[in-house]
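Below is one structure. I have some questions about it.
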Amino acid sequence: MRERLSAMLERGVDAFGGWNARRFLRELQQVLDPAVSEVEGGRRAAAVAEEYARATPQQRRACWLLMSEHFSPDVSAIQAAHAAYQAARGSEDESRAEVRLRRAFTAPRTRLLQRFSAYPGGVRFLVDLRAELLPHLARDKRLIALDDELQELFSTWFDVGFLELRRISWDSPASLVEKLIRYEAVHDIRSWADAKNRLDEDRRCYGFFHPRLPDEPLIFVEVALLHDMARSITPLLDEQAPAADLTRAHTAIFYSISNTQAGLRGVSFGDSLIKRVVETLRTEFAQLKVFATLSPIPGLRRWVDQQAPALLRATPARLRQALERELGAPLAPDAAALLKALDGVATLDERSAARRWLLAVAARYLGRELADDGRPLDGVARFHLGNGARIEQLNWLADPSPKGLRQSWGLMVNYLYDLRRLDRHRAQLAQGKPPMSHAVQALQTDLL
Amino acid sequence: MRERLSAMLERGVDAFGGWNARRFLRELQQVLDPAVSEVEGGRRAAAVAEEYARATPQQRRACWLLMSEHFSPDVSAIQAAHAAYQAARGSEDESRAEVRLRRAFTAPRTRLLQRFSAYPGGVRFLVDLRAELLPHLARDKRLIALDDELQELFSTWFDVGFLELRRISWDSPASLVEKLIRYEAVHDIRSWADAKNRLDEDRRCYGFFHPRLPDEPLIFVEVALLHDMARSITPLLDEQAPAADLTRAHTAIFYSISNTQAGLRGVSFGDSLIKRVVETLRTEFAQLKVFATLSPIPGLRRWVDQQAPALLRATPARLRQALERELGAPLAPDAAALLKALDGVATLDERSAARRWLLAVAARYLGRELADDGRPLDGVARFHLGNGARIEQLNWLADPSPKGLRQSWGLMVNYLYDLRRLDRHRAQLAQGKPPMSHAVQALQTDLL
Amino acid sequence: MRERLSAMLERGVDAFGGWNARRFLRELQQVLDPAVSEVEGGRRAAAVAEEYARATPQQRRACWLLMSEHFSPDVSAIQAAHAAYQAARGSEDESRAEVRLRRAFTAPRTRLLQRFSAYPGGVRFLVDLRAELLPHLARDKRLIALDDELQELFSTWFDVGFLELRRISWDSPASLVEKLIRYEAVHDIRSWADAKNRLDEDRRCYGFFHPRLPDEPLIFVEVALLHDMARSITPLLDEQAPAADLTRAHTAIFYSISNTQAGLRGVSFGDSLIKRVVETLRTEFAQLKVFATLSPIPGLRRWVDQQAPALLRATPARLRQALERELGAPLAPDAAALLKALDGVATLDERSAARRWLLAVAARYLGRELADDGRPLDGVARFHLGNGARIEQLNWLADPSPKGLRQSWGLMVNYLYDLRRLDRHRAQLAQGKPPMSHAVQALQTDLL
Amino acid sequence: MRERLSAMLERGVDAFGGWNARRFLRELQQVLDPAVSEVEGGRRAAAVAEEYARATPQQRRACWLLMSEHFSPDVSAIQAAHAAYQAARGSEDESRAEVRLRRAFTAPRTRLLQRFSAYPGGVRFLVDLRAELLPHLARDKRLIALDDELQELFSTWFDVGFLELRRISWDSPASLVEKLIRYEAVHDIRSWADAKNRLDEDRRCYGFFHPRLPDEPLIFVEVALLHDMARSITPLLDEQAPAADLTRAHTAIFYSISNTQAGLRGVSFGDSLIKRVVETLRTEFAQLKVFATLSPIPGLRRWVDQQAPALLRATPARLRQALERELGAPLAPDAAALLKALDGVATLDERSAARRWLLAVAARYLGRELADDGRPLDGVARFHLGNGARIEQLNWLADPSPKGLRQSWGLMVNYLYDLRRLDRHRAQLAQGKPPMSHAVQALQTDLL
């Protein structure tokens, strides 16, 4: 751990490019002054935020350290309260002692941060501050507590009960559509015409909004209403494709979900969003029967690159022979030739051994390989399976864009939300068996 | 302390009128189940709330105890985390240890209560539960921690930053005006015509609303726009009185402030409300110069009844003689005759000694007598002086209603909000010197 | 016809209490000045309206005459244009000649009145002006053209296509509920509690609103959702009666329809209102099967009083004898004793001959007696039968209020809106045969 | 005039490509059926509109003829009513006779068209029908009456009193911004970034909306808030240019006004729009002092091309000599060389004789040359001068776009709206003297 900022201040060091850290600390302390009203506290917090806005990156890091080190809990007060609580256990005073313990524990930092909520832009300020701070966490452990406190505060403020689900359509404000274009994280929106296509009459787009970040979708999902399960992203992004006939649409495909606020990392909205959207769609379209995603497999290629030797070893002899025949060469342990052949996915027909192999590998990646915490390796799989969805179908060349090819050789997957089985699926996942359809299970059997 | 409910359950006692407390406990625990999604947790919380709604008062008390005793913090986990935190102080791991300590400390009760926010009526449920619980606190200390946890949760949820200030007018929903009639706590609204008068063009009424308790004013204030400082509540409540000429209105009088949600006790909105309303009025009416209240003095009479002997002793000889002349009899130590004479306030003219004495006593009560916590004795004085207002003017027979006579012999007081001096006034109050005008100071000099 | 106002002005007579009619005429002419912009014309119209607001009733009558006489069509221009049009018939210029004829015909009064629509309160002004003028029409035929022109203008402005159907509920503005209380014309609303009962969850109230008379319902209807056909108004107006179970409600009863703007007489909204409300209710409550009214028979008693001798003559001998037995006396030709007996309707049981007679007479009044224009005598019958409803059921003592007894001995009638037969019913009515149920037809057979 | 369609129908000719014109006529007549309710009439009108939507252009022309010829006024009824009116003049019955005359005159076509307003899309249908019909008017005079009747109906329906002024901003619906892009008629909007620039914080855009054409701006104006009078359109359309400092903005420049509905030709909104926008801006920005346009001069070049010989003749000798020096050749009567030189406007400096000549010619074109109806030749000048603006300033090379150069060699003009002088200016215009600033008057003196 590096030297405490406070120690440096005490030594009179001012490492912050001429910036008066002591004065800033004093201002932070004045925000907390219990003698002033909440309104006045908010006014002071706003002034701090203004000063922060003018600070350099280096000065901002100093701010974070000040907030970390100078507003931590009072250890001796905790100790005393804790002792009193233990003494009171079982007595008449236990309940009151618990209250005192909690009070003792509440770090001044908590009250400091809460003061920022008292002026209009304060929540925005804290969310942006955390977005800026997050990339520094790995390098500077001193910031962990501040980050955690922010996340906890945001979890309460941005509780799903306070979120408003709003449909985003072509009749939404242009400034909001512009934000969709900017924030879309899965399949880039290339133009306003592309955005309009995604807000067409056979599409639905919903976002969660919060009263303290008005006009800002915290997360949004794009849905296509289709006759059948979507097998490829291409027609969905085709601006010229005709709109589906809504009276015959039985399937809702969630084809893009994007979080927009880096500063809200760890505060989860996605599960609720999908469930609220499913409810909303079922109310509007009674005939919808199937709710599923068409999702990327962002980590597939990186994982295969790393695991290729092991995967080859798990490949049964028959499939190995077929691969060698197809490649016209023996398989090297590092599978270099095979991986190279996969670069030409677009040319592999349904009988191709390489295609069979890749599908088997992808099924294993999604459904059998779990991280140390017992959850799927793939970030997107982790999200949907965690919500109770199951792996339904793997789709070949479903995303032929450079990004799609780079991430997963163009493979995409449908996760199915079977509303009556979400809890059963979650239970299976908890037992280390991500639920999957028979078809995907069958794909897996191509590997040992 | 009475027996722990858990102990009773273990003994197989079921004291709750045939109600299955064990099953209810199990249901509460299932709300908390970390394996289920937030949406499912919310669904379970809603089911618990429905069961609670059907329970008897006795059963409800059992619910509170279950929530108090079975979801308190894990003492040994806190102890371990606390030890680890102390060990890590100053080391690289201090920040991470602080996070762990906070995690250990978070009582399961906190998470349990938060789950209730996940379904639409959940916040309403908790607020009503606390309103029901509050009267039992004094008698059953076991409930203190639950109450405190609720208050803390509400303080975050109902943070003023999340409140919306809305004007309430005669064009507001009838159902909302009906709530004003029901909730008005200072000067009863006697009829719809009375309500209409208070929402007339020379009046303003504002309330704070929260997204989770829609259509429910958490607190509201009634304001009259006048040419001069109001000296009596009578013309303000007179439905026949003509509306003031707004172009000549220089004074805004806050003549009634009512909190509506007993369950939100301890969560303070009033200070912010007044400041936001002042801002709003200044924007709409640039010519407004004076912002003040016309307030009751609810505790005056009770206090005088108790303190009469001491007050008499503090009465200088001259005034005593004048009183005796006026009463036509010597003053007894208990001031019985004087207090009896005050029943006839309506007949006491400006030269009356009894009137002089009562005004002096009222000025002392408001401005010099402080409670042990250093704050004014009178609840209303505590609120306004705490906000930075000052005692401006005492008004004789300003509220001749039975309630007004009963509380304070009809006396009312104006608290002045001088926006440039709020902080100075708060500082004076903190030093034990409630700020007051020269006129009120002068009244006081009639007592030693 | 009295002397033309213009002639009086020419003679220098100024019969209008010192009011300068010539100047007012000049101001009206300036409103019309084709050289000024529409905005300026509107400004001038607003000034005229302000002056009118200050005028005495006598002066206002003079205003109407000025508007009647000084802005009528230019006869010679019409003559010329008419001749030209006839000459052009069949030629290439016919179409253009028609345009010129229409232009020639448009009275300056039309353009004058239209100018009033150009400022915000102008439409309100004209509607109120006509409301004031209407009672004078019968006495002063000179005003007929002005009235007709206003009605025609209103018919275009208040075209149903421009009306907005809005639900009025207990969540509607208090100021709007206050208007319901004021405007209700069928069953007086006695108090706010009465209003609340009519806006309860098992009720619906809808009004038509127009953008130029904001917050003003032009007409509104009160509907009760019930399990069966309503037989009496009493339970509907009973504030203590429990709300009906909406899941079992199959019948929508329209129990009050009130026009609010006397100035819009002759501009009909009622037909559209009922049809739009029926559509709206069917969308919200798929299980509704029956749409009917519970209506007063306002003209019954007056008609029976006039027609008693003829009705007695049409009474068959059998019923006459039963009546005489019941009355204990022979029937006089003027039916005085019978009518007197009917004052005690509340005591007449189901076998009473007087009751039978009155029901037969009422059935005839509603369904067989037509006015010279071929439409029903009774105003309410005229409205509902004209809309395509049929007479469904007569209800004894359905409105025991003094007004109900005075108008129709407490009798009320249900008109049934059978949506698939509205046009068929209208056709029957056009043939002089108001449609009625078998039950009501059967009642009639008691008369010759 | 061609044969009447009715005659053709009578002869059994069906010239409309197999389309059953007789049936269509019958359907039109059924729309009018006085026996059906307004709601049913509207339903029938909607069915007619649907059939029309499927018709070919040729069939649509036949529709117009049917509507023109078969629903014209009843000549003999008019004649009789007219005679009766003349007879009644001065008698008691004059007023009633006037009513009858108006009734007789109302063409069935009026009632037919009004029925279309009774269903939601009906107004849209008629506006689009007229937009389609207008280009045929010149070739087929039979359509004039139908067109005129539509315009008159629209004038009542779209009366400015019924229009709602709404600000259009970057927070307006994307679908509305898309319409701006499509409808902008003066300076093409090239991209969404261009649209965003025009809705930036230093800009204002307002449109008139009508309840029956929702989400459709009938007309809109784009305004820039600037420090000084705008001399060129270039910086206003520059997406990179920084926004003006609003606190220092004293000038509002209307730089684009576009009508969007061809079908509403002849129904004027522009005058009201500008006045309402000026009012709105003055409320929002008290410091605005100058309201002016930056307008194209669309007809200048065409007029100069036609009038060149006459203009040359009006050029005083001195200027002619300067021109010849500058051109290096004598002036031909057709001014060919001069006009050719003007193609190089970008190179003509302030001392250029050609530049002087062109400015003088433009000043004359705008301010001295009037059409036969006494109004300015130039369409844009006609509009603004008709509203009471004056010609304020001519701007050299203010619009260097190809369109600007083609229309007016890049010249643009500011029309000034001096609110206190609008009526005075309109009076000057009515006297044939379009008002102009001294500067523009001075330019003119360069011509005889």
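To keep things simple, chains are lettered A, B, C and D as they appear, and every chain counts its residues starting from 1.
We take it that a residue touches a chain if its C-beta (ideal position, glycine included) is under 8 Å from a C-beta of that chain, and two chains touch if they have at least 3 such contacts.
Values in this document were obtained by computation on a predicted structure and should not be read as measured data.
Trainee: Applying the document's contact definition, name the chain pair with more C-beta pairs in contact, C-D or A-D.
Mentor: By the number of C-beta pairs in contact, the winner is C-D.
Trainee: Report back the single chain whose CA centre is most distant from the CA centre of chain A.
Mentor: When every chain centre is compared against chain A, the largest gap points to C.
Trainee: Measuring centre to centre with CA averages, how many angstrom lie between chain B and chain D?
Mentor: Between these chains, centre-to-centre, one finds 63 Å.
Trainee: As a quick test, compute the distance in whole Å between the mean CA positions of chain A and chain D.
Mentor: It comes to 53 Å between the two C-alpha centres.
Trainee: When the centre of a chain is set as the mean of its C-alpha atoms, what distance in Å lies between chain C and chain D?
Mentor: 42
Trainee: At least two other chains touched by the same residue of chain D: list those residues.
Mentor: There are none in chain D.
Trainee: For chain B, which residues are in contact with chain A within the complex?
Mentor: Answer in residue numbers: 1, 4, 35-40, 42, 68, 72-73, 75, 78-79, 82, 85-86, 89-96, 98-99, 101-102, 105, 107, 114, 117-120, 122-123, 141-146, 148-149, 152, 156-157, 159-162, 164, 211-212, 268, 271-272, 275, 387-388, 422-423, 426-427, 430.
Trainee: Mind pulling up the chain B residues that touch chain C in the complex?
Mentor: Contacts found on chain B: 170-178, 192, 195-196, 199, 215.
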